[in-house]
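Written below as structure tokens is the structure these notes are about.
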């Protein structure tokens, strides 16, 4: 064994972190670092790319390489980083706002392009950082600071969206399922091509307080109740499905990743055809 | 009958149009104007929103209201127009570049939000306007001016993408199927909520010349061969499917559109709850 | 009442019924309060997927006849630049509130700055005019939001309200005028018949009377070079006419658009030129200086762009020296230099650490200069 | 060889191995030729979904160690503004080629313009420095692309090559230097051990030695206010230090960065200040003037930003009058005014109809001025 | 596709100023109504064959074909 | 979830400087290892119950809990 | 009132309700026909991080809206205390929470166990009203009765009584305790 | 050669290969140790719309890269003819396609049926080489032999023979026909 523990990837001097008591982000950061340790990856081999948001602050606590970019662009930066040095393990940490609201375009294109990197999206159903406004995953009629009467828009199923965009590996769990989460992240990082882990997460301060309960424990229990394994989910009625979401691996394909395909098609010795 | 013909919606002084001989865009513009005529919509009731591209020039030949915006943003402009005046019939005409490459984010969000408008996307598998570069729909290994050896990226199935994003009505046909196309556009415009018509189209000048044939007739025949009705498509083997695409109505749901939902949730007399 | 809140009240009071935006500190209260208040007046709050879409949506809604606005801060304002140019070029009125924070990039998201003054002028590509206003109190957040809508509707140009974190979050009392006392300008409508109508035909004031979609007139709005019909037209003369007219409609109305405030003794030895939150520091200094027997006054820029050339020139002509304190490394000071054909000594005071400039800091500089 | 093509050759010759972009007229040849040539040197051409992603991808690839570039024109350049600020703030080298067309907005997409000069300086929010170069020949497209990469790597700042449609599509002969004659500067690497390494520690030249990801040093790159470790840090002093250093590393090296060309007689009565394609018109005028017995010379700006204050001041001091012909309504002319403490008469000649300024147009103005 | 069942007499005209000689009408008329001139210009040579299927006018990208049903 | 089948002796410590008193450890330990003080601070009161399921340390958002298997 | 312009800083931790306290003070000033300006600073760490409200109250127009020379600083956290310790004049009172702050015992430092007393009162959330009471006692910028009136409209109905009680307690006890 | 700077405009319609013709001229100039600059204009309608190449050839450095005072304008479309008709000096030759242009019969207007002749030669695409022949005959800016050499490298291998034939035809026939 490598001797790495989750602490090998944390920057102790920056702790305690800024997240609220009971915020799911801490649990997910723990799972991520545990996964890195179990994969025996040196901090020097890993680039953690973050956007802007509560979860986007994760890099501040990490001792891996980090690239803390602009809001919504994490996957575009990550794409450049991975193609700039394909030997690096590149993991993009994004909130639901980052990933599929402002960042939706990069999300679908990274999935389609099949860049060999991993996206870990913490979906807390709102913008935590800016004070709990609704995002593209807030469920219909969800109460937030910009939808005091409830949103008039339904939220994305971002795993389905990734699948339709062509993602190679798609999995979902919650921050309640801490062990499953760690294993899922391991599997995603090990999978070649674009892999997505959606972690339905708990923001007790905003989404929880407005829609469920401000107690972190109640929020986690709520997540536990909503999450059903995909097989079971498929057997549910539409009405039941509307109240739940499927967890576990949802897509598992083996398309070659962009870089592999690019190198196959564009050999240096090959004279370009087409327009001369 | 209203007495409208397709010519009621054309601005004759601007014709002939700038499109190449045999370009699918002319066929689609004909179908669009025929559909408007059969729907008895006055030109004053219709706003045609276009982006930038060959197809994005369509507004130059139209006598409806027109909004010729920036590249990729047609659906965002259209969203504002529709909500600014919900009585208007709003139709966004976009190329594949406009709609799902640069404009991918607005595309998925308009579908999710279910704005009551119609998107007609001409998918000619490349950027015609700027000289035939690849787009997000160019098939894997397609030859274009920026992929002389073939693209290393697979193309989107944009109907599937729209479905995953939550679109209410999704249909696909080709510019070969001129009559079906006209009827499909009629149905889409009549459908409440976000409706998408993907028209797989022919760019003999670039995509055709590089990948199929420069002859418009051969290109149309190629489209005809590739297109199979969705029922038949579903019965095909994966290998056969890879060589074809499904046509006809693919999604037909009846979610209430954004405006209806917004008005239901936010009644003027209702005092806002949530954060006070 | 907070500055940001005053903006929302003003927008609604002058008839705005459509907000589209994407939340960002320190402007988010504008979104939140719009979401709360707009439905009460049958308006719509729309949260878009990003700032590119936000400005596009308000442009669209405005073209469809609704007075529309958005609010953002630096990073979002950068994302709006392409479509800001579209609104200028296609002459679609709308109001953009930029509550400035400390930049560049993500920077210090919760701290004030005045670093977007030049961006507000030059941020989009190509030659373009713009109107930018800068409030320095909660009352002015209200008044200038109204004025922003008025100028936007009158000249068919986006107007930017360049606020800052302190002004946006500051609470002080606000007097809301009676509705009948409000001066509200709505875009003019065409007087010609719909038949043969050309939306981009300029009237005498160089502003075309473009009706909203759906009023019987066929309207063609375009981001490409267009002639009076609104249809694409590529002749050099067409391009020249269009862009020169866009500039002229603003230049010819400088007097109507440009607003400043003079504060303190008329013939002071030293003139401070300031705006936004820092103009308040400067006012305090003018008062304190008077008490100390120093002759200082203030030229406060209310209109940022078009730049108050005339008033600044006057200041440069009259004063022995000019001092420009800004929460940036020197943006307005460059414009002052541009006008300084008098070689009046121009001093600059910059603060970019996310804190505001204190009266004592300006005072010290004043004493240095006047000594 | 075309100007756009020369840019690609130069990029490859000086070691660039990553291009990400989104096609746009009149820059698309740069994308097309990069797609063709980069694979031959084991490089990568990546077509991104938009310009926001394009600049993000080159910033990412650069952080991972590859010299990277993109090309665009006005609308795309507007979309790059937010992340341009990110690259400046986080000090990631990269080169952005803007082949200017006629704007604003979509405008006349196939015609030349010089309307993005001020945008290149001020387009992103917040206080920031930038380096902008402007080629006027195919040879210079090559030479200045090399120089752009060199300055970018040396000072860890994005460098913008501000070309235009005429220069980009013009064909003339090009001499490509032998590889061994090329001066190529690569970013410096840290000399300190990896243990306790802080990526943003400035060295004597104020530039930090940030290694690429993956070399054993842990590197933390950030768009938020950060201290030397690269981790977020919100203290006022940290913000102040960072932004002032970013400016100083450029200001302190003006001499290395600023390049101009003087053309024509040394002590001319009239100095034309021009750049890009219009400097060629101006050169023709200098020649013609000489033949007509008129005393005219040219100060050609090769570096746009930081602005050649010293050289322009010199021109203003020496000449009886200064004339600035531009394909815009007056952008560089404003900077000249800023420096004109001599009250030298400054004349401006604008063309914005998509055509270039002819020698006869400048000549006429010259005759007017010198009469 | 609503192809009318009964044969009709149709007047077919081609606006030569609009036509870009793409060959689509000629290529797809199942009734061989058109022939192509040497330079690619379509000519209506067998109008009586026409079944008014409308695929030529709807497929003509340049709105150059007009069909009029006479009887 | 790989819950070890055999009961182990586990040393459980809580770093009070990190703990934000969210109550998650207490709320989810199926073995009632923790109790909460009046101000919400968790205390390890039944360490011997611990099955080393690791759900408390993996779920603690503040990395405040350390488990060490002694035997 | 001898002094024309009062500058009060209320500093502590996010969640202690200091912004609300500032707003209440400024609103009371307006109720009394004075001018009141309230500003605030906050970190990215809105929850649990540093938070501060500043209030300027004056009979005349207020230009500079911040406290460059405060009369009183309320410091409910060590961080708050440190930030102001060396910035303020010797005349400035620092009223600090004895439970959270280790004071340097400046002449004008006044400690009081706000946290403990708030919990005593039944809810740690009333710490802001408790502190307001103390502030008012030390700096009579507005009348306590007026402030109580405003407070009634600012806090949730069910919390009014407790907050008023806390206000009184602060007002009474600071005097008792500190002078 | 009496004249130091030659300015040639090749104008017509997208697809006629005029840019290529311009490039060929400029490259030939370089081959002859002269300087050559080629620029172009095009509309948004790249296909079928207006298209134009400009070539400046000079023994010395070329500053202004465009044709502000052309020696010859090739006009292969009415649009092209109209654009230049009133812009050029009386000395400037306008060589136009008789099949496409209705000329005003200026003194220096020279018509030739380029379109028909190109079809005669077997491919309308060789219209550019045909025209180049005519241009060279009227303005001897470079040697025909050198231009032929460059042309060989610029057109696809299988089209070389026909293009050279067209070049010759243009060169010979313009003289025969027009003088």
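As written, the chain order gives the labels A, B, C, D, E, F, G and H, with residue 1 at the start of each chain.
Here is the rule we go by: a contact is a pair of C-beta atoms (placed from the backbone, for glycine too) under 8 Å apart; a residue touches a chain by one contact, two chains touch by 3 or more.
Keep in mind the model is a prediction, meaning the values are calculated, not measured.
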Contact-graph separation of subunit E and subunit F, given in steps at minimum: 3
Any chain that touches subunit F and subunit B: A
Pair with more cross-chain C-beta pairs in contact, given C-G and B-C: B-C
Most distant chain from subunit A by Cα centroid: H
Centre distance in Å when subunit D and subunit H are each reduced to the mean of their C-alpha atoms: 36
Chain centre separation (subunit A, subunit E; CA means) in Å: 56
Rounded Å distance, subunit E centre to subunit G centre (Cα mean): 86
Approximate Å spacing (C-alpha centroids) for the pair subunit A, subunit C: 39
Shared interface positions of subunit D, touching two or more other chains: 32, 35-36, 39, 49-50, 52, 75, 82, 86, 105-106, 109, 111, 222-224, 232, 234
Overlap residues in subunit E, where contacts from two or more other chains coincide: 20
Junction residues of subunit G - those touching two or more other chains: 43-44, 48
Residue numbers on subunit B that touch subunit A, as the complex places them: 101-105, 108-109, 112-114, 136, 140-141, 143-145, 147-157, 160-161, 163-166, 210, 255, 258, 261-262, 264-266, 270, 272-275
Complex contacts: residues of subunit G adjacent to subunit C: 22-23, 26, 30, 35-44, 62-66, 68
Subunit B contact footprint on subunit E (complex, rising order): 1-2, 17-18, 20-24, 26-28, 54-55, 57-63
Residues of subunit A that touch subunit F when the two form their complex: 6-7, 10, 15-17, 19-27, 30-31, 34, 175-176, 178-180, 182, 215-217, 220
Subunit D to subunit H touching residues, read off their complex: 109-111, 166, 169-173, 277, 280-281, 283-284, 287, 356, 358-360
